[in-house]
Amino acid sequence: MKTEQLPDNLGRYGRYGGKYVPETVMSALAELEAGFSEAKEDSEFLNLYLKELSSYSGRPTPLTFAEGLTKKGGGAKIFLKREDLNHTGAHKINNAIGQALLAVRMGKKKIIAETGAGQHGVAAATAAARYGLECRVFMGEEDIRRQELNVFRMKLLGAEVVPVYSGSRTLKDATNEAIREWVRTVEDTFYLIGSAVGPHPYPQIVKHFQKIIGEETSSQLKDITDQDPSCIIACVGGGSNAIGMFAPFIDSSIPLVGVEAGGKGTSTGFHAATMEKGTLGVIHGSMTRLLQTENGQIIEPYSVSAGLDYPGVGPEHAYLYESGRVAYESVTDEEALDALQTLCSEEGILCAIESAHAVAYALKAASKYTENEMMVICLSGRGDKDVHTLISRREGGSDE
Amino acid sequence: MKTEQLPDNLGRYGRYGGKYVPETVMSALAELEAGFSEAKEDSEFLNLYLKELSSYSGRPTPLTFAEGLTKKGGGAKIFLKREDLNHTGAHKINNAIGQALLAVRMGKKKIIAETGAGQHGVAAATAAARYGLECRVFMGEEDIRRQELNVFRMKLLGAEVVPVYSGSRTLKDATNEAIREWVRTVEDTFYLIGSAVGPHPYPQIVKHFQKIIGEETSSQLKDITDQDPSCIIACVGGGSNAIGMFAPFIDSSIPLVGVEAGGKGTSTGFHAATMEKGTLGVIHGSMTRLLQTENGQIIEPYSVSAGLDYPGVGPEHAYLYESGRVAYESVTDEEALDALQTLCSEEGILCAIESAHAVAYALKAASKYTENEMMVICLSGRGDKDVHTLISRREGGSDE
Amino acid sequence: MNNSRWKRFSNKNSFRFVPYMMGCDPDRETSIEIALALQEGGAEAIELGVPYSDPLADGPVIQRASQRCLENDVSLTDVLELAGAMRERGVSVPVIIFTYYNLLLQLGENRFFELAEKNGIDGVLVPDLPFEESAGLKKSCRDRDMAFISLVAPTTREERLKEIAQDADGFLYCISSMGVTGKRAAFAGNVKSFLANAQEQSRVPVLVGFGISSSSQAMQFAGVSDGYIVGSAIVEKIEALLPRFSQEQEREGAIREFKYFINQLVPAQPEKECNHAAENTADDIKAVSAGKTD
Amino acid sequence: MNNSRWKRFSNKNSFRFVPYMMGCDPDRETSIEIALALQEGGAEAIELGVPYSDPLADGPVIQRASQRCLENDVSLTDVLELAGAMRERGVSVPVIIFTYYNLLLQLGENRFFELAEKNGIDGVLVPDLPFEESAGLKKSCRDRDMAFISLVAPTTREERLKEIAQDADGFLYCISSMGVTGKRAAFAGNVKSFLANAQEQSRVPVLVGFGISSSSQAMQFAGVSDGYIVGSAIVEKIEALLPRFSQEQEREGAIREFKYFINQLVPAQPEKECNHAAENTADDIKAVSAGKTD
């Protein structure tokens, strides 16, 4: 089955996906499915979405040839798809704009969202401000403490930041709480999820609004050469930038690589390598691969990058992993931070630590290719948000 | 005389401009003049500059219709020229890329730059990293203390940050020190100045590399309507974003407004309103208007926004002020911060406090126009860098 | 369904009281005493919760109970075995395992049912397994004479409600209002018509749950449902009694207080109902020891 | 030029020593004593600096002196008046006001020259006013028999050097090396050929300055120039002596130490040069009091 035709009626990608949610949200999911199906076919909606991406968020983002990085890699020519140049600094806004416009189209006046480090929270609050929606962002109390700046930004954008005290008080729990809140307010509230995760149709919706990354890349590559790239690389947290980047290439034979957070090493307990170390399970309404104990309790993952620090992964990725279509690799904290430094001093681009995982993999793999070959990295976001982390790491501190 | 034909041979805009520098740098200025004249006529150089702006920095930046802001303004339709979406977050990179490429073309291997809050320092370090130049950034010791994050970023980009202990240890002194250093190293070093200030030919060079802002705006406006905008607004520190925005419009009759930092009010001693409160004088090698004592000692200006906190102004602005072609207005800290908040919650755009000055003026003036008229604001930069300031202000703290 | 405990449950005419308790909260022995107290207090069935790291459908009270149990590493297996121990000690009403799907998935369906049968489980409720995803599990339950408990909500659309209600086993769990578990002051605006509708469609008793914390609240629904479920109120009471449960000399008093609390939750019922439950204890224990339900 | 002090300066055959001092550093009275000590020590002319907030051409030592004076609100007017007081107290060598252009601009050219003439100023040096910008000021100087001191640097191109040198008044200031004022160990590689070239082109004595801090350093240039300027080394010495200048009982010793320091800076010169300078004192004072230079 061509991936194009996935998910099936039940929202499944092979055995992954589906809707593992309380009955209370099933009607909302049905409404969302209907709303999305309609919107998807509505050219006016599509044009509005595209117009906002270009006239508000600055798309298309460039495809930058990285000469210095290429030299360092010592092989393939390296290109960077510059999602860091989006308004608010990451690919997250593509999806936030898309879903917020969908919310408006569906007549909703309020949105809720979950956030970890605050990136998606800021993107959601931004879209809400732009389109006049009321916005509440659920955020783990622990994360609120660590991400003071983003909390302030969300408030400045007019959003309410709701502290989450349950569980480990981080992203996973913020997501639980957002879903719980959605259950409560389902009638007038749109849940704007931040990655290609969650119950059907969310993974499909997020992919739909992120596939612009890959589509632009594809046409930008064609402007440069007829030749296919030898490898397309993206980091994978929940998997939204990766699925967006991969989307138009999945049915080709171009090698695709998703890069997960190897943290302190996948043989330690401290990583977020869902593919390598995860097992089949249900999280946030979806059947996928996840990090869990033998008993099925979900494990809090670890990564220096807050955006990859997620115990699950979008169900379509689990499917692409199982089918072998996409290779999933992991990169440690150290490798990612080194790559960030290299990209910064070679190209003058300070990328997000998340994105640096993809760069690190590319630097390791580049020499396997000749200089006539091309690698494309999805540079999912900028690193301004990470400077504090980088400083405290350099000062020999730990992760906050 | 059409402004197009300015500056004259001596680098003068009327009585402003010129070269008030030690004899030691005169040969370097002559070399720079020659190098720039050549480069300006070299279409290969122009294409490289334009290619880097588009494929590296993400130009063209959009012209965003601000519906929410327009409603708040209650008059003219407000459009935002989104320089905040540039790589590194402000218009500064246009100039840094241009000058760095010029340095390369002139065979220089090293650049130096001055910086206040660090914005131009980061832009210069970025361009230096991208084009393989060695980079040293002069920064007041006081500013280094206040702008820890940007200092770290410059270092990450491979630049050396040189603390300046002279004078008030801020931007003005960093500029002095950069010029002093340039005198020392003039033979192999390119001084990459950060605003439309300094001795001739710098104001002309900076304008040349910033006029892309206005040129894009002009063609983007034409895509929307045949009608001329009723007002074009930009904030003025040294004046680079403003001169870049105004450039293609100066010889038209479209009203242009430069907005200076009124700080705590131009009747207090705490402001940076060079036009209203400054007098004829020489600063950083150029005859212009500046804030000084009766005796001619330069006064440290004040503004909540570090980028407008400059005692002088580019000489062409002084000329445009005197000739009456451009109106210069000032906006207080409070008004700017309120405008920042309004833009943020209405449009989901967190702009730099510098840019918020232009927004504040627009909000005040909008109701003088009808809804069939248009105002265009140059949104010179994003406000991520300012979140700390905003937080401490909100907490009732003072300016750092 | 041939399960005699469900037959008895379904043949009642009373307004059924079904309490929820978290298995092993605060510990195995206390849980058994709590279960016995519930039964004695009039419970017609018991929902036995399993602690989970990510209880999506639960409010703060049950989340805290989960957390407490997880600190003691309580697993699904532990709770299933607790059910067996409850049976041995005299719990004779239907016992429903209330577990999130991931726990069941990790244990494996086969192993789950093996343990469930061995420990006298009568029903399975998986709050995050909606109708679409539950056909397989429901069949496995039926094969073993267990009830797969289905839920419907005030937002469940007509067609779907009909489908779910008509295919329900044990009882139909009607969610009183939107949101997660937890006490509340008000219910969904359409709750009564929703319940009436469910009653019309359902082959099995219709119970209302989520947020009920007093007998007077429950009695509002007496005309349009066949019983009610109380969860958070009970778990919260247990939480309040924790310090006393943990002290030997206080335990008995705490259990007494708990029983008094349960009495308040249950509207006056004919005396014989309680006796009837007690009568069956001996048989049930036999059945459980034999590793199968009757 | 009819200015007799410049005539005397230019008619010398000695290797001229021209010191720089910051006016009113640390105060007016001490500055006068310093000026007299310099003259006594062999100064053929004195450069009198004016404190400025943004001294672009100066290194740290002179920057600090500027800052010190600014704390006392020393203005260009103050320094001009200081020059007059120096004259009254016996300074008879040419005195050159060394001021950044902005100070002069604010005071106004007219007022500046009025005060300059009244206070016996013989020359004006504006470090940030290159040849292109200085035609007007030079003319104003010439109209008043004052020298506008021009500078050339090792990087000044041939053509330009010629133009500047041939149009120079008083002396031609040749910058020894790139950079700002301040002591240095090494000079520009081409410094000697540069000086020789300047000597060839210049109508007036060619002096070398920037970074010279000892007589032996100065003597390197004896063959290719007509004198040397010492700035930062002197200002730094004054800075070191500040604590002693400020204590009544220490002042005299401090002045003595300063004189000793100056002696070290000056290569041995024929005795009579000094006497000659002293001889003229009376005339000079008269001239100054009359409000014009001779």
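General remarks:
Order as written gives the chain letters A, B, C and D; numbering starts at 1 within each chain.
Going forward, contacts are C-beta pairs under 8 Å (C-beta built on N, C-alpha and C of every residue); 3 or more make two chains touch, one makes a residue touch a chain.
Computed from a prediction, not measured in an experiment: that's the story for all the values here.
Listed by label, the chains that touch chain C and also chain D number zero.
Between chain A and chain D, the least number of touch steps comes to 2. Compared with chain D, the chain whose C-alpha mean position is the greatest distance off is C.
Between chain A and chain C the centroid-to-centroid distance comes to 39 Å (mean Cα coordinates, whole Å).
With centres defined as mean CA coordinates, chain B is found 35 Å away from chain A. With centres taken as mean Cα positions, chain C sits 68 Å from chain B.
Multi-chain contact residues of chain B, defined as those touching 2 or more other chains: none present. Listed for chain C are no residues, as none touches two or more other chains. Taken as a graph of touching chains, this assembly forms an open line, each chain in contact only with its neighbours along the path.
Looking at which chains touch one another, you get A-B, A-C, B-D.
Remark: chain B residues 54-58, 61-65, 68, 82, 84-87, 89, 125-130, 132, 148-149, 152-153, 156-158, 341, 344-350, 384, 387-388, 390-391 touch chain A in the complex. Chain B contributes residues 10, 18-24, 26-28, 30, 165-167, 172-173, 176, 179-180, 183-187, 279-285, 292, 294-298 to its touches with chain D in the complex.
Remark: chain C residues 52-57, 59-60, 63, 67, 70, 75-77, 100-107, 127-133, 151-153, 155-157, 160, 175, 178-180 touch chain A in the complex.
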